[in-house]
Amino acid sequence: MPTTVSKDFRLTESHIRQEDVVQLVTPAGARVANPTFDPWVDDVGADQLASFYEDMVLVRRIDTEATALQRQGELGLWPPLLGQEAAQIGSARALRSDDFAFTSYREHAVAWCRGVALPDLLRMWRGTAASGWNPYDVNVAAPAIIIGAQTLHATGYALGCRKDGVDTVAIAYFGDGATSEGDVNEAMVFAASFQAPVVFFCENNQWAISEPVGVQARNHIADRAPGFGIPSLRVDGNDVLAVHAATRVALERARSGGGPTFIEAVTYRMGPHTTSDDPTRYRDPDELATWQGRDPIARIGLLLEGLDVDVEALDRAVNAKADETARALRAGCVALAAPEPLSVFDNVFTGPHSWLDRQRSQYAAYLAQFDEEA
Amino acid sequence: MLQTTTRQLTLAQAINSALRRALQDDDKVLLLGEDIGKLGGVFRVTDGLQADFGSDRVMDAPLAESGIIGTAVGLAYRGYRTVCEIQFDGFIYPGFDQIVAQVAKLHYRTQGAVKMPITLRVPFGGGIGAVEHHSESPEAYFAHTAGLRVVSPSNPQDAHTMLRAAIASDDPVLFFEPKRRYWAKGPVDEDAPGDIEHAAVVTAGTDVTLVTYGALVGVARDAAAAAAEDGVSIEVIDLRSLSPIDFDTVERSVRKTGRLVISHEAQQFAGLGAEIAASVTERCFDYLDHAPVRVTGFDTPYPPSALEEYFLPDLDRMLDGVDRALRKPNSLTDWTANA
Amino acid sequence: MPTTVSKDFRLTESHIRQEDVVQLVTPAGARVANPTFDPWVDDVGADQLASFYEDMVLVRRIDTEATALQRQGELGLWPPLLGQEAAQIGSARALRSDDFAFTSYREHAVAWCRGVALPDLLRMWRGTAASGWNPYDVNVAAPAIIIGAQTLHATGYALGCRKDGVDTVAIAYFGDGATSEGDVNEAMVFAASFQAPVVFFCENNQWAISEPVGVQARNHIADRAPGFGIPSLRVDGNDVLAVHAATRVALERARSGGGPTFIEAVTYRMGPHTTSDDPTRYRDPDELATWQGRDPIARIGLLLEGLDVDVEALDRAVNAKADETARALRAGCVALAAPEPLSVFDNVFTGPHSWLDRQRSQYAAYLAQFDEEA
Amino acid sequence: MLQTTTRQLTLAQAINSALRRALQDDDKVLLLGEDIGKLGGVFRVTDGLQADFGSDRVMDAPLAESGIIGTAVGLAYRGYRTVCEIQFDGFIYPGFDQIVAQVAKLHYRTQGAVKMPITLRVPFGGGIGAVEHHSESPEAYFAHTAGLRVVSPSNPQDAHTMLRAAIASDDPVLFFEPKRRYWAKGPVDEDAPGDIEHAAVVTAGTDVTLVTYGALVGVARDAAAAAAEDGVSIEVIDLRSLSPIDFDTVERSVRKTGRLVISHEAQQFAGLGAEIAASVTERCFDYLDHAPVRVTGFDTPYPPSALEEYFLPDLDRMLDGVDRALRKPNSLTDWTANA
């Protein structure tokens, strides 16, 4: 992998053309030569591919288990990532541990790759906490449910990194629908203006709940960034290797003072928007079938086979791990207990607050009444 | 003459049928929002409307609230009456500028030349176990904004009647739908007359006036029933209109009871309860036996769902408020006495 | 002028390149042949050019007089359009009377071309009314001071025109600074999504108060629209003929179902941001000098001379008209009286309102007290 | 030991010197806003700061308020303390979502892990003859939002001291600057201690408590002087902190006077005056001789400047409010009696 982005490496118009969507591995598992991007993954051998594969299988299992936990009433809601494993893992695995990710609600695999503990993935969905982890422990911000808001946070964080004189990079994850929000566009304006070391990583999973991407954009999503002065790449989001290469390029550009880059990972939301959603109301089942043929996990399996890896053995090991992970997830989930009532007042402010402290005391007195009665 | 028919509908269905009637009656009525087309909205409130009225009138919007509301402003300039759906309470803020600086002010800013007959439908409030930003009660922001009407129905009949009145109004209306009551059924007469001005006395009583709106009306009614068993007579008032407030109705009640309890899910500080307490005190000072009592959400962000039962005013907290208004000794008596 | 935009007429990439900024008249007054745009102004003869010239001179005089009125305390504020006459007049004169303009605060010349009466131009700046005219009398909306908000209004209005089945077009005027606001980007998203017949007309006058356009954008402003699926044009905003041609193209595209077009009119704010501003704090005087050499009025004078028009005679006639206009403006201004106190309550709502009506009555009673005392 | 020096500064200069000190004392402090660099802001409040601290610390932002505030959120994640300037009150609304959903809530949403020490400086209020959107008083929106502190100084000393305390606070602070007082001079001791918690009794009095803040403090002081000539003793309280409100100070005064008048420029309905009236009534019901009286802007959009003298509470309207609190017959007595 190159350590610098050569001066000659320019993200050209062709990178953002449909025809030129970056793909290094076909759905059939064949490795496609690409002189521009191959050098960026020349260090990615069979072992690392196998570990991507493992991560993808594990998060898919986590996802399935979480969906089951929701169905069983253990979670209030779950937004499945099914189908987007490659986009999330290919990119997150390219990050350095000091890089900082600002995600939306669906990036469970990003959180996983960053080291978020299993039950922490579920806290906010179980409703026992507003968010699952301390952002500074894993360098992943609290997930943003307000669509697009996090892109500005990533830009601000990146600006801070520049001021600190470090080569840490911020990456913002968001969806195709998010690109319509003012905030995402303002983030591009600010990132370009301040040349902030930020990567805009758009998972275009073709849908924003029930709205196909065509409602948001008539062009490719990746076409938008260049007008803001931000180079962009369109990449096969179901190809973990291509995503990995593209993210490395973008990160390296940012680290070396090249400013922001925009990546559109073309992928597909194979499941419902969330466990509350019913895609049969709006989605043609054939479309799903087409995309199932482009499954991100299957193709790496085939690629590994082509590389003479014993995929059956790998599968056995990985599936065992997945079973264990699912068990741990479930156990962790049901163990997540509701916090005590008065904690509702915690962390509104960083210190004393005359109004809120009084309200808290009043409520404590009110609650104590019941204890007395009992 | 049309025959009056009363049907049992859920609150969501009652809204659906109001939208349907509005679309039928006035071809200037349009619906605009995220996922309101084929999906019928995340609460299915617009179910079937795109199929029946076409995607020219029931429009899936790009994912941008300022865009939705700003587009509705332009449509209003052109004579259209757009009913916008904001998917959840917590997602209205990106559109705040268009609401406050444009929708609310354009009639004034054009000396009355331009009308803004826009209705913003907003499912609001908690109690459904949702994640953050999905359980908010932002009504006071809009009630504090001159030029907007703010209303909230508590039952299917009002939801139907008030929504049709809101759409027909030449003023912009924030229409807050108590989302945890979407599935509650009730009789709906689609031809019943109605307005967006008047409060309703839900339960008559003589000892304490309990004012609320939206999802809490049901809780207040239960509280009144419980109190009745203890010999306390609560008059429950459903405000329906949150701006303006029908103070004549509230005042009439308080002059009789001398005691007022106000309850809302929204945060207390500078919330609507403060306005009601202040206005009623201004109007009924000499009739009041006790300061108005507020039973509200806490001044914290809406908490994670495991804590929402504490945040939300419930029957016990309402009755505790009633006790305080009656100066009955209770846990908080100390607070009100020596605070 | 072509009555339809031919199928072959495509706004190509080259239209949005600096080199290719559309210019039909040079600063020296020479007519530049342009096979693409010439047909769009082939009906614009010397007479019409003279009338553009007249409009430009008149609005410049109006602008100067309003500035003077502000200095003399007759207006609270005035945002001069000095230097932007061609951009505004070239575009506004291309509109049909039923087209609808949504402007910001600086488009006095647009208002003028649409037939806004003289004193009405000043009402809001004198503070005797929130806005100056009934939008439906002249098909110009209340000026938007909230930067960028009007672009969405134009989009909505245009959508309404489409629904009405008419070929009326909405045009949104806004500045270079405005392009950073979320609303302007959302307007492009909505306009593209709904294929609304709207023209986005950006007067890039190089400055947003004290911030040069480089703070907002590293690329040309016109580069941004194509990414949203909206063709764009970059035009010499000080060349009234080029602006006129470009606007006609955009209007015709919109009328014939071609959807939105974005025009960047490259111009210059020769004066301060408003009468409250002091550009010497942030602006190099040489820059102003350069742009004075590109004055939009001077070049049409030179062009007319080249067309054997008696410009001296024209100037005499136009200046006399300008003197008269300035006099009328001044007289109209000082005659604008403050409305009566209770009108502060008018037009908040369209009908009765229990709270406000009571407040009004209370205030009336309060005021009556002073009458009694007197 | 540092020598304490007191200088005569305008309110704008006092803020400028507070920003300068904050930039000197803590290299994590940044300024971000439109036109705050070379221009020094449209009110020259940041005059000279970019020249002295560089454009890396005093940053001209692209023209987008949500962008400014959202960027500050990201900087806060990274440990920076950003002071954002919002050019005028009426331009804060495009940033409302970032303020309400992010700035206010992120400390809570991350269980205390992330701090949001952001200060949003907002010139606010009317009385300068400006065009629309330039004279608003949006403080109640933020006071109603859990997780934010809201403050407003009325004089140069407080402006200096409170701004430094706001920047030093780990909580997000909305800092409302009374723009029509920018040019008012007063003594400033830059080393004076201070906080953003406490109200100040500006004029001691015994008959009526008059609570206000920002630009109206000067008006209230004049009203007190005028009333004194008529033998009415008004205690003027400058709130300084609008959320939370120092109710202990207000309560102490009202227990003494038994009468409360509240004045603000903002619209009345669901404004801060309502909260003050409601809270004081709760705390001092048995001490009140009259309902709290509100003297505020009207519930209209801010009017064109030719009408602002009517919209804005002035000395006469304040004294009229005092009369009402004293139950002296005046024009509005009827209203309060038989309404």
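As written, the chain order gives the labels A, B, C and D, with residue 1 at the start of each chain.
By our rule, a residue touches a chain if its C-beta (ideal position, glycine included) is under 8 Å from a C-beta of that chain, and two chains touch if they have at least 3 such contacts.
Note that the structure is predicted; figures quoted are calculated from it, not measured.
Of all chains, the one whose Cα centroid sits at the greatest distance from that of subunit D is A. Just one of B-C, A-D or C-D has an interface built like that of A-B, with over half of its contact pairs in common by residue number: C-D. Each chain gets a centre from the mean of its Cα atoms; for subunit A and subunit D, those two points are 41 Å apart.
Computed centre separation for the pair subunit C/subunit D is 37 angstrom, with centres defined by C-alpha atoms. Centroid to centroid, with C-alpha atoms defining each point, subunit A and subunit C lie 44 Å apart. The residues of subunit D that reach two or more other chains are 61-62, 64, 66-67, 90, 93-94, 97, 101, 108-109, 132-133, 146-147, 243-244, 269, 298-301, 339, listed in rising order. Within subunit A, contacts with two or more other chains are made by residues 129-130, 146, 180-183, 186, 189, 193, 215-216, 348, 355-356. Note for the complex: subunit B touches subunit A at residues 34-35, 37-40, 42, 60-64, 66-67, 90-91, 93-94, 129-134, 268-269, 298-301, 303-308, 310-311, 317, 320, 330-332, 334-335, 339. Residues 179-183, 185-186, 189, 192-193, 215-219, 223-229 of subunit A are the ones that touch subunit C when the two sit in their complex. Residues 76-77, 105, 124-130, 145-147, 177-178, 180-183, 208-211, 215-216, 276-277, 281-282, 338-339, 341, 343-345, 348, 355-356, 358-359, 361-363, 365-366, 368-369 of subunit C are the ones that touch subunit D when the two sit in their complex. Residues of subunit B touching subunit C in their complex: 30, 56, 59, 61-62, 64, 66-67, 69-80, 94, 97-98, 101-102, 106-115, 146-147, 149, 169-171, 197, 243-248.
Listing the residues of subunit C that touch subunit B in their complex gives 100, 102, 129-131, 134-136, 141-142, 146, 149, 151-161, 163-164, 170, 182-183, 186-187, 189-190, 193-194, 346-351, 353-356.
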